[in-house]
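As written, the chains take the letters A, B, C and D, and residue 1 is the first residue of each chain.
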């Protein structure tokens, strides 16, 4: 049910993130190792920050492994903050407006997981969205609803708190409808400067999530690895699954955690839903 | 802003309706004569009744004039009740879930026109939809909201009344938000046996709508026209614009009218919104 | 590298072939069991014979598992001769004109496998195609070239001979260019009445191919299986891989074999390339 | 039959070329003023030079006016050499591999017009293509064949001569087959530094082509026009039709002309086919 990648650091060519690594996101689109589904072929999306007022979005319903335009874009475009996502639909339509990342102003959002029993709770969640945000909803996914709830609950002011309130609200509505485990999620969101990533599920068995180890430490460990020397020390990657097999390069993000990355500094905090 | 065609009568090959006429719907997709937009290239849809429990739907985001699969389907498929629609988006996304006709069980619905100031009234209209129907909404158009409001107001029991109540409701909500002319529409809906078509707009200047003249009469007028002799006497066509130039073959549906066609018999009734 | 299915028998709803079986072709598009690739998500095609002069073709670049129009078509359409194919590209573009089956008049053709070192031999093979057929070539696959070579070598008169000459020619051109194993193929072709299927490869290790056992025999074996009693006794299926696990229902087509099926009668003959 | 634009000058945001002008190329995709077809909705393409070894290509089969990814790309990407093309098919398939510009190494090529009686001469033209270039052909258009003929005849060494020989060859083959007017073309090609544009047709009535007037001169004429002051003096535009109505801003390229633009300097030369 989807795989994603959130990069921040010095500007890097998108193809270095999406195609070059052994277990790159495009490879995962066809053969995910740790995902619930092997195939994540139900569309994809890339969001990146360049010089424009808002980040760019390239969204497609094709499988990522087939998309020639993605390969072209990735070969031409560099960015210091990149979100990328390959989708495995849990039933909702295959259409661009259901592809992640979602955007609101300068802010991006992407999600792996689901709101359980979504048809049952969809309407009630949608009604809780701020009326001024409601007309922005273009697709039919739980992920887009989640994003607009988070915006409603203050994502632009305090992301960890807004997400905590959103999850608490979804769990409350789910509980009201007798849903056992209302939410399953790894989420990433950014304003182009700070990236927040969340790993949480009501049942305490969340989708996989990893973050990259400090590059400086890794270089000491692998003095002969050229890739590590080409990456800048401020590189931070949060990914659904490791992009390669380098021992020590990836650490699992613990359950119920919020990770904050800004300017090459990273912090892990406990995450708890708020009601 | 869209062109459509509603056929009922003896089973006919779809290509006879969609490709053969001089001003066929596929021709209108590229060069509409009477539409607000010349080009209706933002997707299309066909609904037809065969032997399955529900009608078939072929929906595509490509311009109709380019779609090879539509041409193939049309060359192979016959049906006695056919709805077809070419779309000119008023801004909403180009995606299959925004293509007409929409379906609910055995019932189809298509629309040309718009709900004025839709972003302003969208949420309030959506909330009025029966909660059990809400999760069925997959797209982002005003037309799909209109359909689900009509279902909420009894489309399956009494279509003219349900549409009158729907339009009345949309006008009331629009008025509340200060919208001058809340609705503009030609709508067709069918259960596979009866077809209802509506021409109405709040400002009293509705999109064009025509219906075919009785074939028997036409044959008397044009004893040498082979097309007329190949059509069955129960043929009934309601169309956004005439499919050809045969003088006397088409009559305009008057403003504020509901047309009912069943088993080759046609009736025109005045249509008035109900609040 | 593709999976396919060739059905002949009493008219059957396409969804019975494409969706209902446990290991249906649509299931194989996502999780093939015996294919070289697990995922056959690079487009698909269906060809079927109805009442029109030529068979219908529905070709799409989307993964079959996602295509709503395929599901609709399959729910509405019955046919007595059906070809279906899910594609895993060996590098050529993902476009409708590269989707199988290919059509010439009333004749269909589909292929699993490849012409080895195709860029090396493509031009020379294309030049051997009858000049009157050359302008029909719309795509860039080896499979379409193979079809037009077979048409050049007499496919409309004597399919087994034409395919034997085609394969012999491809092997000769390959040998000239130093290609070790010039061809790998399972091929099916039909004129709407007889179906021919071929399993062959230069190296003698061909892609998997199976044919269904006689229904009457199976019914004796499984008197309680309802599916078997709904199928007509003239049902003949040739498939890249079995559609289910019923023991005894499927037999492997031997290496270097031509299978001919017409009117419920099936014949296996040895296949040898001709030079 | 297609509209195109070739820009060279200081780096400019793509949206300044594709969306901002009153009669922008995206506007022309829906409502061309001077084209043979009003609608150029059969796909589009953009090629641009950034820092990568080869130019980027974004090709799509959707109408340009609908493509959200094009809008995103255009808002994020700047380049000093841009080719853009909107397509109106003359019958060949709507697929990415038929979209312009075509690319070979660092070189781009786009075409408006046609090779007359193409099915008749296609094979003979294809055979004249250098065998080492033949496997690069992915689509089915006359334009791609024209490009590969030009490459065969020395496009990388001497573009005006190579195009003259290509056109001469096409006219010779056409004449052999009794084609009255074998070629109709406006063509642009670039290596990323120099741009060559050609206007020619066998009948001497070529598709429209214009080039921009020197910016410095225009600024004197229109001292108050802000757009002119934001453009750099080395701006050179060659376009199928003017992007706006500014009097004196556009000059028609004469019949049978080759225009060469490099480093803000432009030259017009007579163009004559060579046999």
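In the analysis below, a residue touches a chain if its C-beta (ideal position, glycine included) is under 8 Å from a C-beta of that chain, and two chains touch if they have at least 3 such contacts.
The chain lineup, named per UniProt: A, B, C, D = Class II glutamine amidotransferase.
Not measured: the values here are computed from a predicted model.
*Asks:* Could you name all chains that are in contact with chain B and with chain D at the same time?
*Replies:* Per touch definition, common to chain B and chain D: A, C.
*Asks:* Roughly how far is chain A from chain D, going centre to centre by Cα mean, in whole Å?
*Replies:* So the centre of chain A lies 40 Å away from the centre of chain D.
*Asks:* Where does chain B touch two or more other chains at once, residue-wise?
*Replies:* 68, 93, 96
*Asks:* Line, ring, star, complete or other: which one describes how these chains touch?
*Replies:* Topology of the interface graph: complete, with all chain pairs in contact.
*Asks:* Taking the complex as given, what residues does chain C use to touch chain D?
*Replies:* 92-93, 95-97, 118-120, 122-123, 126-127, 131, 134-135, 137-140
*Asks:* Spell out the residues on chain A that touch chain C in their complex, using ranges where they run on.
*Replies:* Residues in contact with chain C: 30-31, 38-39, 41-42, 61-63, 66, 68, 89, 93-94.
*Asks:* List the residues on chain D that touch chain A in their complex, please.
*Replies:* My answer: residues 48, 50-52, 54, 56-60, 68-69, 72-73, 75-78, 96.
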